[in-house]
Each structure stands twice: as structure tokens, then as C-alpha cells.
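The two complexes that follow have subunit A in common; it is paired with subunit B in the first and with subunit C in the second.
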Partner chain A sequence: MADSPSSQSSPMTHHKYSYHVENAGEGNHRAEKFLSAFAAILRHSNYRFIVELFARTTARCGRCAASCQVYQASNDPRDIPCYRTQLLLDVYRQYFTSSGQFRSRILGEDALSEAKMDEMAECFYRCMACRRCSIDCPLGLDHGLMTHLGRYILSEAGIAPKGLVVSVREQLEGATANTSAIPLPALLDNLEFLKDELRETKGASVDFPVDQENAEYIFFPAVSDYLMEADTLMGNAAVLHATGTSWTIGSQYFDGINYGLFYNDWILERIIHKLVGEARRLKAKKVLVGECGHAARSARQFVPTFAGDQNLPVVSVLELTWQAVKAGKLRLKPGVITERVTYHDPCNIARSGWIVDQPREILRSFVSDFVEMNPHGRENYCCGGGSGLVSLDETHDFRMKVSGKTKAEQIRASGAQIVATPCANCKKQLRELVDYYKLPVQIVGVHDLILRAVEL
Partner chain B sequence: MPTWLTLAKGPAFLFVLAVFALGLLRLIVLTVWDILAAVHRAGNRRMPYRQILRQTLSWLLPVNHLHRARPAYSFASFGLHVSILLVGLFLRNHLDILQANIGFAWWSISKPILDVLTLIGIAGAAFLLLSRIYVMSSQRLSRTSDYLLLLLLLNILVSGYLAGRDWNPIPYDELMLFHVLNGMALLLVAPFSKIAHCVLFPFIRLGAEVAWHLTPRGGSEVIQTLHGPQGRKI
Partner chain C sequence: MPLLDLAGTQVEVDEDGFIQDPASWSEMLAAALAKMEDVENLTEDHWKVIKYLRTYYQQFGIAPMVRKLCKETGYDLKAIYELFPSGPAKGACKIAGLPKPTGCV
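Our next item is the complex of A and B:
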């Protein structure tokens, strides 16, 4: 993806984009499909007015170029957030406004071309939808929203990354009902293993309750944590145990991941229904989301949107832990972590200001040498793998050389030995950056460190 | 005063002012209506209004923002905005025309201050124009209308400034007609160009937040429209 996309077709896949797509070859009436999808989405959603408003007001000042880490690394005009947004606004103006249709007829503007389709398909997947540029837009245009909409339209026109589609298919239509295709027996084995580990390392009998009805919380981590982030899960469970919290994992649905946020509202809503359905089946009072930025944001933002009268509160495990620390319910040994630690803010929970200070306060309570990256918090730089890119192995070069470059420099400059971040996607991307840039740091979850500090 | 200048400052100005005011009013009404309708359709109608208001207001006087990205461009742009607003709305001569046409006006700012602001505006507009021509990121984003609007502003500011100078080498009436015609052109295009942000600015951040509040079943309805009742597989 770092190089010219048109010359980047992988010999393995023969696809024309920098990501693999199922059944979306050329000559597939992509432009017609795109316009039909655009029309249907405008008709059945809330997007029309915002596209209209952006089209009327966008000043094309280019200030966003200075705050976008992708453009800063690539220097490719296609990566200027406003340029990408214009691609969509131009199609909207030409096809969905009367003045645009009139102008198009008078001036004989070209119809939506295959080249334009390729450009959109490429550009919308070179953006991590981190929304950092929105902070610096004087008008307040949300280019992340336009990336979201652009990807949504593309996906209904048949253009969506195979890596995301296949995972979602398994989650919504597959036998295992989760993006990592973990069968229930494997999950239960895994929980037993985690229990044993906790008994051995912490000397405490910490339970991982499954299908407990009427629990206070039903727990949805990024399901990949069950495969790859044992310490994070043990940290989560240790906190819930230490605070005497009633919680459960649902056997029929236990995945917090919602790739719908990255490319399709229909998918987004179906996944939310699945999550709420499991919570209701077990009569849980609240949804507890594990360490995962997009899972936390999608549940927090869209459970109230799609759940209707089945709505229930959504809490991030970081909020729960922070409240326990503040209330003195959790004993964390001060100074137990002596390595230099920094914290990476996942965009999906930090950009809105929702979770910025809480993890820092938790970490500072037991880390003796805590340093910040600059900038951080709401103005953080993305890990470079946001919006699902990290799940697409074929984007590795782009994520290392372009989108993740700034973050790698930030980490190096911090001098930290440990980077803690509460997000499965960020952790995967940062670990790849560590390998690629030979950074002398360890990437962990926040609860991985809490596990080391907690007294049970 | 020549007849054409009287006409330009009289009935023609009134017409242009009507297009400007009604055109912008139409945009405000449409936008507010759209936002209210979107909030009504949203599955979750709770919006962080206070936070949006705070962010929007902070950009009205963006002293904390300008240095963060493209500082020179940002200060030039801010200078241009302040200049246009203050000189346009508070110059005695402008207010006299307003008084003569619609029967009311407001207090003015003293000429020397506005002269300095006009120079700031000229410098700002020239800098923005040169940036659009020479800076790669701006160049790639710019459309013809972006250049033309900046030229229009430069015409207005430079002619207005010259008109008030003793050493102005251009005949006053011709210069003033040029100034007035460019000013009227600016007012005429405002509702139909990006200048509309002068009234739509307060609604953009709000609108973006509202747009994230999706409509329940919207996705399924899209699928039905595109694929019929049988829907599609993932």
C-alpha cells in the first residue's frame, strides 16, 4: 500500500486493490452498483444531510493534511483527509443534487469512472478513521465519518476487504459465532487453563463464570484475547474477583468485536443485536467490554442506537477498574512495576474524551516511572492499524512504512520499556511495529500490568 | 455621483442583499430542519450538546488552535476572516449604504483601525492564494472556485483600500464601481458557494455528531432496496 496502488496488485491474489476482495473483479458494473448503493443509503439513513452540509461548506483549506499521520508519512495527496472526502462529495454533487446534475449535463462531466472507483476503493482503506484530522478542521468536518460512509457504500457495491468480511460471516452466520472461529469447547478449555494459571501465579481461585443468569455484567472482550492475550483476560478476571463483581461470559455469544463499525452499518446493527440478545438471554444488567477500542466504542455508541427497548448500559473494563481503584476496592502494590511505562491511547475510546485519564490514573498508582508520548490523549496518533487495517495482513507494508511510522517514532522517543494499551488491534499493530523498527519495548495490555500489581 | 454607481449602491444593492440574506436564511432553515429530522430518526437521541457547543465556540476565536497545524496558513486565514467581517460590517461607508437602502444600520469602527485590518486582509488573502498555487497539499485540493473567491476578496480589499488613499492613482468613481460590483458578486455567490459556511459553521460539528447517531433498521432497509426481500448473504 505504500507504493502506487495501481502497481501493487499482489501476484498471489490478482486483486487490483491493496487488500483482498471477494468477487469484485473488473467489468462488474461497479460504478452502477456504487451509485445504487449510495442512493439506497442516502434514502434509508441519516447521512444525506451531513453529506449535503459538508458539500456546501467544505473550504478545502488543507489544514487536515498537517495532522494526518498517513499524509505526513506518505506525502501522497490522496492521503489528505479533505481530498478523500472530496471524492465522495463529488459523486454526491454530481449524482444526487439538482445543481450538480444540471452542471454535469451542461458541462458534459464524465460519468463515475472505473478509475474513480479504484481511487475511492484505495483511498478509503488508506485512512484509519482515527478522526485526528477532525480536531484540526476549523469547520469541524468529520473525515472519519466520510471514510465510514465511503466504505459502507463500497461494501454494498461489493468492495470490502475479505479479511473483515470472512470474520463477520463467521460471527453472524457461522457455527462458532465469533470472528476468531473459536468453538465453545475450546473456549471452555481455555477458561480452565486461565483459572489454573491464576491459581498457580496468584494463589487465588478466580472464576470465569459462564452462563450465570442475573449477573451484574456480561463480558465481551475482543474474542482474539482468548487466543492471544491470556494476561489481559487474567487481569480482567482478577479485578472482577477482587472487587466481588458478579459477571458472566455467554456461551452462545462471547465476541466483543464489531467490524461493522469499520465498513458497514447493516453488519454493525446485526452484531449489536447479537450482543444485546445474549445479554438479555442471561438477564445481565450491563454489558462489560474488555480491552478493545473499537469494541468498546461500537457497543457504547450503538447499543443505545439499535437495542430499542432492550437497551442496557455499556461499561468499559477500564472504567470498572478505575472506579474500583478510586473506591479503594482494589489493592495494587505501589511501585511494583519499575520499568519505564508509557500508555498508547486507542483512538476509538480517546478521541471523544471518553477514556483518557482513567487508565493513566490506574497505571500511575503502581508504576514508578510513567511517561507520556507527545501528543497523547484526545490528540494521540493512531497505532497505524486502526479501522480494521491491522486485521488485513496484506496491508502490512503500508502499516509499517506509512501509517505506523509516526507511532513508532513516538514510542522510540518516549524511552519506554513497556507500552500499555487497552486494545487488541493496537497491540497487534504495535507488536508488528516493534519487530519492524527493532524497538526495545514490550507491548502489553493495561490489565496485564494490573495482573502483576493486584493483590488477591 | 454617476448614475451607474447610484444604481449599484441603490436598487441593485438591495436586490443583491435580498439574494444574500434570503439565500443564507434558506440554508439555515434547511440545515436546522435536516438536523432536527435526523435527531428524530436516530436510534439514540442523546447528544453531547454542551461538548459540541464548547468545541464550536472555541473555533470562533481559535487562539488555541491556530498554531497546531499549518500555523502560517492558519493565521493568514484567521486574519482574512477578521478583516472581512469587521471591515465589511463596521465601515462607515458600508453602513451608510445599508442605512440608505433598508433604513437602519449600527455603530461603526474608526477608519484607521479598519485600514490596518484591510491590510491584514490583503496580506491574508494573498498568502492563501499563493499557498493554493504553490503548496502541494493546497494545490491538489484547490478547485477553480477556490482561486476565484480569493481573487474576488483581493479585488474588494485592494480596491477598497485604494479608494480611501490620497495617492490612489485610479479614478475614484471607476475604482468604486469595481469595488461595489465585486462586493455584490461576493454577496450573490455566498449562498451558493463555500462562503455559506459563514452561517452554517455552527451546525457542522453538531451535524457530524448527529450523523453518527444512526437510524435503527437503516442497514436492513438498504439491503431490501438493493436486493429485495430475500436480502443478501454476508
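Our next item is the complex of A and C:
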């Protein structure tokens, strides 16, 4: 857009959606691309059976409206989960079922319009794919999966948030091979710094091993932790040190993030291959994922799917720490944390029930004043920035006023002074909520608190 | 990419106002960028942070870890937010002419 008028007051350009998109203009054969991508996905994946089932069963009873925090805050009917799912199912019925094609011909229904494309592009990015509505759906529909499929097809038609696309490009094709574009020398410098900090604050020599072959675990945190979350990483390393665990960081690939989970299946698969490739290069026995909800879920769920005969177990650092606490291998001093603490469940690890009790048992073992938000665990409310939205600064207003409103109210009602949450995405969103709603709390990782209490 | 008239020069910026070519940065440009980030005047404290960020970026090609920034400049995170209301990544880095942070930052 070299011909854009310059402006002293604002550098912002006009944007079609509530997020930035690279080269997605109208008249770009978007609808045709959307339909051909949809057709290919239905032909070459198992989505056909799911979409067909959803198309037959969805009753639009609206029960999901009551469980969706976005709709509760916005009161916009477009935010009701089954309404959003219907957008995609309408296209499916009209173009990919014989009755729909027949009906379409008889009634002369319009082809997939630009307006409908725009509506899908907007609606599928007003959902955090938190899947809270799936708990309450009487027919067992997973609207989060439909959001994912809708985004997948849109991305094949060229519509995907620039913030995610640019990060993935660097991770898959860039020189640094990670979403935050951290060069290896900077990573090594950070690790040296963390080591010095641990020596200064804990008086212990804790190592951050790099490229150690045959380690028990190869460690993949959300790579942004290496810029933003020093205390979380030091807490992780302190636990691994205290338990005598053999572990390593891979110099060629050290990012746990997988934005493919948010918008595109084949990208998800390619990122899994990179992670597994690095684990195999260093002959690690297991993958250890740091404090990050979507990184943990994407690896846990999809390493077995895509790694084939290279498969290896995936463990969350919360599981490892919990095992150590249970086995009495970790000395966490009670009385160090005097503040009132609550725990925020990242949707990607809590909704399925995978990691709900473990962090609570860890925290309760050394935090004397632990309180719960209501609801919590499997029925938690999302931070309001899930499914990649938090990485899109331009969605800030929506995340504060609409999607994160319920969470802010919950945090305030808890009376907690500290919210511990093991997810880079949630931490960032919650800190922005704290700032926006002037909440008197501090947002930290679970291992940040462990770091304060651990005896080395 | 949009062009922005900053300190009398046309500079290419992205949608969020980050300059596209780190080489086009100058102290005058920093002052102009600062105004967009609700920093009216760049004080000695601001310059200390900006200069550290630039030195680190020139050596490593990325911003330093936030904790390292605090330690090396002597300002805690609260002080950094007081200096740069939009924070270390989006505020201080933008004024210092670093590229827009990507990923979960």
C-alpha cells in the first residue's frame, strides 16, 4: 500500500476485520477458494463424518448461549455458538449434500456471497474455541471444533490473522525456527542469565543443558517464555534440578508453540514434525512441554497422530512436578507464600479433564491461603484470549470489553492477590485484564510460586 | 505498508506503527514514535532503557528478556510501565526501533 496517504496522527490503515490479514481483498476468488478447500478437506479427511453428523443433529436449541462468555457479554446473536456453527453447516448443506444442491437449484439460492464470507471470517475469530459450550450441549456438539474447521477452510482461502501467519512462517521457514524469532545466540545468552539469576537468588548451581543426547526429556516451552517469563523457566529448571531429572533443550528447535491448533491442520502437522525431529536428533526419550495450554495439548494430542514410528510420550511440566511432589522429591517450604492465591485453568488442558487436580495439589501443598474461582476446573471460563486471539494486539478492545469480562469479574470476586496460571497465552491476557479493570492482583505461573518456595 | 510522516521524514511502518527498517531509526524518530505511545517527553530514564534495548538488539537480533532489561537498567517492571505505559514489548521496543514482537509476546 505504498500509495496510502501519510498521516501524522495515526499510522493505522483501514481493516476489514477485527484482525489484520495479509492480502485478503474482495474479488480475490475467495468464495471459490473457500469452496474448493472445503471440498478437498471433506474428501481427504475424517471431517466429512463429523460435519455430516453435526448437520443432521444440530437443533439450534440455543442451550449453548447460556454457557458462552462471549455471548453473555456481547448479547450479539452472532456470538451464540450454534449460530456460528450454522454458518459453516449452511455452506455444507448447500454445496456438499445432494438434497441441498437440489434445493438450491429449485429455489435459486444465492452462491456463497462476499457478505457471507465476511461474516464467517469475523464470527470464527470472535470464538476462543474454549469448548465450554460442548459441556452443556444436549446433543454433544463441539462448536470449538467447528470454529477450528471454519478457520482452517478460511485460511486455505487466504483469510487468517497476520499475527499468527507471520509467526508460523518464521517457525517453519525462518532462520530462527521459532515464533518469537529468537536467534540461537540470544537463547544461549538468556540461559546464561537465568543460570546467574538462580545462583544469586537461590544460591544453587542449576544447569540449563543444551544439546545433551539421550536425555530423559527434551524441553519445549512456549518460546515467548524466553523473553517474558524468567521466573517460570527458573522454576521449571529448579524442579528438574531438585529431582535429578535428565533433560535438554534442543539448539535447532526449541519452541513448543503450535498455532496450527488454532487455524490450520496441515500447519499443525508440520510443526509437530519439527518438534519430533528435534527430539529424535537428540535421542530424547520423552517430550516435556512447559507452562502453556495449547502447546501441551497440541503435542499431547497430535504427536501420537502424526509422528508415526517416531512417536514418543509427551508430558506436561505440571505432571512432572506433581509426580515429584507426590513422591516427596521436592521440598516446597510452607509459609513462604503468604498471599491469597487462586488458580486459573487454561482451557486447552482443563476442558478435557487432563490437568485439573495436579496443579491444585501442587499449590495446596505449600500455599496456605488457596481459594477457587467459581466455576473452575473443567467448567472454567476462558481467560478471553484463547485460540490465538491474545497474539493479535488489534483484538485488545474485544478481549477486554467482551471476551475477558467474565474472567475479570471472577478474579475480582475471588479476593485473591495472586492468580497462578500455567499458560503463556492466559498470562498475557490476564495481565492485560488486570491493567484494564484495575484488579489488585498479580499474574504468575505455577512454577513462579514453586521457585519462591523450593529448597535447593 | 503505510507511510508515516515522522520528524519530517516519510517512514514505512506496519499496522501497529512499528518501523519496518531498523536502519531508519534516529533519536529524532524515537521522539516522534514516543508521542504515539503516550510518552510526551523522553527523559534520561527513557533514554537509558532505549539505548540498552538498541545495544542488545544490535548484538543479538532480538529484544532482551524482560527480567534482564529490568536488571541491566535498574528499573523494575512497574517503573518500566510508568516510563512506557504500553509496556516493554509494545512501547519501549517500538520507540527503540525494534521490529514488532511476534508469537505470544
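Convention: the second predicted complex is superposed on the first by the 445 of 456 C-alpha atoms of A that agree within 3 Å, B and C clash if a C-alpha of one lies under 4 Å from a C-alpha of the other, contacts with A are read in each partner's own complex, and residues count from 1 in each chain.
By our rule, contacts are C-beta pairs under 8 Å (C-beta built on N, C-alpha and C of every residue); 3 or more make two chains touch, one makes a residue touch a chain.
Quick caveat, the model's predicted, so the values are computed rather than measured.
Partners subunit B and subunit C, once the complexes are superposed on subunit A, both fit on it without clashing. Of the two partner chains placed by the overlay, neither subunit B nor subunit C lies in contact with A:Pro334. Using the contact criterion defined above for the overlaid structures, shared-chain residue A:Ser391 touches subunit C, although it does not reach subunit B.
Of the two partner chains placed by superposition, only subunit B is touched by A:Ala37; subunit C is not. Judged by the touch definition given at the top, the superposed model places A:Val223 against subunit C, while subunit B stays out of reach. Of the two partner chains, subunit B is the only one touched by A:Thr57; subunit C is not.
By the touch criterion defined above, A:Tyr83 lies against subunit B but remains apart from subunit C after alignment on the C-alpha atoms of chain A.
Partner contacting the larger number of subunit A residues, of subunit B and subunit C: B. Within the superposed three-chain model, A:Pro440 lies out of touch with both subunit B and subunit C [touch as defined at top].
Taking every C-alpha atom of subunit B against every C-alpha atom of subunit C, the smallest gap after superposition is 15 Å. Shared interface residues of subunit A, touching subunit B in one complex and subunit C in the other, do not exist.
Against subunit A, in their complex, subunit C makes its touches with residues 1-6, 10, 13, 15-17, 36, 60-68, 89-90, 99, 101-105. On the subunit B side of its complex with subunit A, the touching residues are 27, 31, 34-35, 37-38, 41-44, 46, 51, 55-56, 59, 62, 65, 68-70, 73-74, 77, 135-138, 140-143, 146, 192, 194, 196-197, 200-201, 203-205, 207-208, 210-223, 225-226, 233-234. Interface residues of subunit A facing subunit B in the complex, by the touch rule stated above, are 36-37, 40-41, 43-50, 52-54, 56-67, 71, 75, 77, 80, 82-83, 86, 99, 134, 136, 138-142, 145, 156, 165, 168-169, 172-173, 264-270, 301-302, 304-306, 308, 353. Residues 1-2, 4, 6-8, 11-13, 15, 20, 162-163, 166-167, 170, 178-183, 185-186, 189-190, 193, 197, 222-224, 226-228, 230-231, 255, 257, 292, 390-391, 393-394, 424-425, 428 of subunit A are the ones touching subunit C in the complex.
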